[in-house]
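A, B and C are the chain letters, set down in written order, and residue numbers restart from 1 in every chain.
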Amino acid sequence: MADAPRPPLLDVRDLDVFYGDFQALFGVSLRVEPGEVVAVIGANGAGKSTLLKSIAGQLAPRRGEIALVGTPAHRAPAFEMVRRGVALVPEGRRLFSSLSVEENLLIGGQLGRPGPFSLSRVYDLFPVLYERRRQPAPSLSGGQQQMVAIGRALMSNPTLLLCDELSLGLAPIIVRDIYASLPAIVGEGLSLIIVEQDIVQALNAASRVYCLQEGRVALEGEARTLTKAAISAAYFGV
Amino acid sequence: MNRPAATSAPVSTPVRVAHATPSSRIGLAVCAVVLVALIAAPYWADRASLRLYGEIFTFVALASLWNLLAGYAGLVSIGQQAFVGFGGYVLFALAMFAGVPPLAAIPLAGALAAVVAVPVAALMFRLRGHYFAIGTWVMAEVFRLVAAQIGVLGGGSGVSLPAGIVTGIAASRTMREHVIYWLALALVVTVIAGIVVLLRSRYGLALTAIRDNETATRSSGVGVRRIKYLVYVGAAAGTAMIGALIFLTKLRISPDTAFSVNDWTAFVIFITVIGGIGRVEGPIIGTIIFFALRETLSDLGSLYLLMLGAVAILVMLFAPKGLWGLLADRFGWQAFPLERRLMPRQ
Amino acid sequence: MQWANAIVQGVLIGGLYALFAAGLSLIFGVMRLVNIAHGDLIVLAAYLALVVTATLGLDPLTSLVVVVPAMAVIGYALQRLVLNRTLGDDLLPPLLVTFGLSVIIQNGLLELFSADSRKLQAGAIEVQTMEIVSGIWIGLLPLLQFAVAVAIIGGLQLLFYRSAFGRAFRATSDDPSVAELMGLDTRRVFALAMALSLAVVAVAGVFLAVRANFDPAIGPARLIYGFEAVIIGGLGSLWGTLAGGIILGVAQAIGAQIDPGWQVLAGHLVFLAILAVRPQGLFPKVQ
């Protein structure tokens, strides 16, 4: 007799999300298994950030469900979702401007959730941050700020890390460095959802890909097997 | 071979802006009827009622001006009592020392207040938001303390208007009361008419835009700072004229009564909030409610103010648009033609 | 000598003004809210101390043990139940609600206690003086209050810049929605900030009650002094607020020396002068 299948780490089903009267997501479904890296790609305005914000608890969906390891989570506010192990690296970094680098990291660990990531572990991952730890956060370069943002999210020891547009505004070489740190993060047992406009990076980093187009899932599949043509069609809707 | 027909330049349809709505037509008609009745009031109302109406007009006018400042220009002032007192003191000073007839002193007080309001605004506008509000309160306190230092106007205990000047207004006491009543009515009609005219103009359009979203308005190139200056100075002038009339009626002035926060700001704010901020009808409705409550609840003193404060808080939390706001949203009522619709010019 | 004495008195009362201001600027820093009822809450604390000393037979200093936690709880409840609902982009709701609160507190106190002037007795310490320099005498009580005010401001600085608590306040102030992503419930953070502010208000209220006569109507003046201290000193800096309070106190003392009726006015004029010439204040926090 087979055991009941274990529920996925994250199960999003038929999500409808509105901004006031404007509908941003139409029946979006998505799944993340433990240890997976899932990419969500799509053009500007496709709804990628909206999807991450809903999962993180910043936006309440009007219809649909979000389940974390089988337990419903779509009504939980953001601070509750962090407690449950979902952390968001927000679009545009959004560091706390009056805090230093180290203080930004420490506040990520505010909750004291147990896990592999501590201040020293984050400094191991991003050594340049240790040298600048006392500097005010806004004084760092874009790439370094992105590292702080990631480290800050890691400090809450999440099981699921949501990354919103890591490459935004960064030079390609910096983006490569940032993405080079992801395998170490996955190695500690985290699962990732990465939202990206940089399709190449996304497909390299992820095992599965979702493509959003105007609030709907236009394409879904294994990163290796998706053709360029299929992705273009889904991305641009032609 | 046929030449393609020459395309003419697109003809734009001439448009005009329509302001009236069916509701506002009814509203204006009602206002006209009420106005006629009020003008004739000295002939059908008794003395006590006449005084009451005069008081009501005063508060409608004060509240309407505060509403213009806070509800439209985004300038929340808790210091308008500065100009109420200023108007009163200027009237007394002009009448007692410059021999100016009291009735002429009223518009003069307004003009002087406008002059004083310019440097005051320059200082106050250095403060933003909440700090602006407290700054205006400090300003009012400065006015009060300065007034208390002026010996010839009674210093801290104040002064009464000499009998000679009082009789100069009109021969008999009845005539005086009628004159003051009509003055109050004239003032409130002028204030409201002025506000309606302002709101119908392009300045009014700018003000409504500022009320809805100041940053967007600023980036549209509208001279927000200049408009705020104009509104602040205009409101100061209006408030001072009303203040002059108030103390002409009371026949006595002192720093504490002239610059009282409770009398001239707390009540005014509560009236406007309960009636409906950001709409011309709001202060009118609010004043009616305020006085209806006061008459029915009789003088409970501090308890009355306490209740008003509580009601204002509840309104602000749960019905921030006030009573008229609720009615207007629900039924589309409008007493004044202030809507804007683009219509083709016939 | 009279002038030197006046200035010393001014410095000492400046500490009290700084205490009035500290709670005010704390709240503005964390949640961009200016509590118009701030001064009336100071007076409320004074009356609370009156009741506590009368019913429990405590002396004013010991009454702090009851008054401070009581005011902190009131602050938490006030923020959680009422003021949190007013926060947002529109500045009208918090301003009008706190204004309404101010009126309610004043009139409530008037109903409960009447307009009679009251004062808390602190015993012998009220009349004890010390000669610090030849010819200049200072009261022990004002000196003690000044020292406590400086200590509290120092403590608040430490709290804000060296503790996890303070870090949470600063982060929430920078970006409330991202603070939520750190696991911070901003409703709770705001409520705790208000509780802290009212704890400081409690101390200020007890000091006020011991130092001078008080009645329900003196709240607004305390708000104004606190506000002036903040503006003179510069927004965002607690030590600047202390400096602002001292400058205000000295200005008032000098004004009083010229003419007793000029005391408060002198303070207002200095405030207006700073506003005209250096609106960012004397020691603003460089952002």
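Basically, a contact is a pair of C-beta atoms (placed from the backbone, for glycine too) under 8 Å apart; a residue touches a chain by one contact, two chains touch by 3 or more.
For clarity, every value in this text was computed on a predicted model and none was experimentally measured.
Enquirer: Farthest from chain B in C-alpha centre terms, which chain would that be?
Expert: If we average the C-alpha coordinates per chain, A ends up farthest from chain B.
Enquirer: Of the chains shown, whose Cα mean is nearest the mean of all protein Cα atoms?
Expert: Located nearest the centre of all protein C-alpha atoms is chain C.
Enquirer: Just curious, how far off is chain C from chain B if you go by their C-alpha centres, in Å?
Expert: One centre to the other, that is 34 Å.
Enquirer: Approximately how many whole Å separate the CA-defined centres of chain A and chain C?
Expert: 44
Enquirer: Calculate how many whole Å lie between the centre of chain A and the centre of chain B, each centre taken as the average of the chain's C-alpha atoms.
Expert: Centres of chain A and chain B (C-alpha means) sit 54 Å apart.
Enquirer: Would you pull the chain A residues touching chain C in the complex into a rising list?
Expert: Going by the criterion above, the answer is residues 56-58, 77-79, 82-83, 87-88, 90, 94, 96-99, 103, 106-108, 110-111, 152-153, 156.
Enquirer: Looking at the complex, which residues from chain B come into contact with chain C?
Expert: So the residues of chain B touching chain C come out as 70, 76, 78, 123, 126-127, 129-131, 133-135, 137-138, 141-142, 145-146, 148-149, 156, 261-262, 266, 269-270, 273, 277, 302-303, 305-306, 308-310, 312-313, 316-317, 320.
Enquirer: Given the complex with chain B, which residues does chain C contribute to the contact?
Expert: So the residues of chain C touching chain B come out as 28, 32-34, 36, 82, 85-86, 91-97, 99-101, 103-104, 106-108, 110-111, 220, 223-224, 227-228, 231, 261-262, 264-265, 268-269, 271-272, 275-276, 279.
Enquirer: Report the residues of chain C in contact with chain A in the complex, numbered from low to high.
Expert: Where chain C meets chain A, its residues are 164, 167-168, 170-171, 173-175, 177-186, 287.
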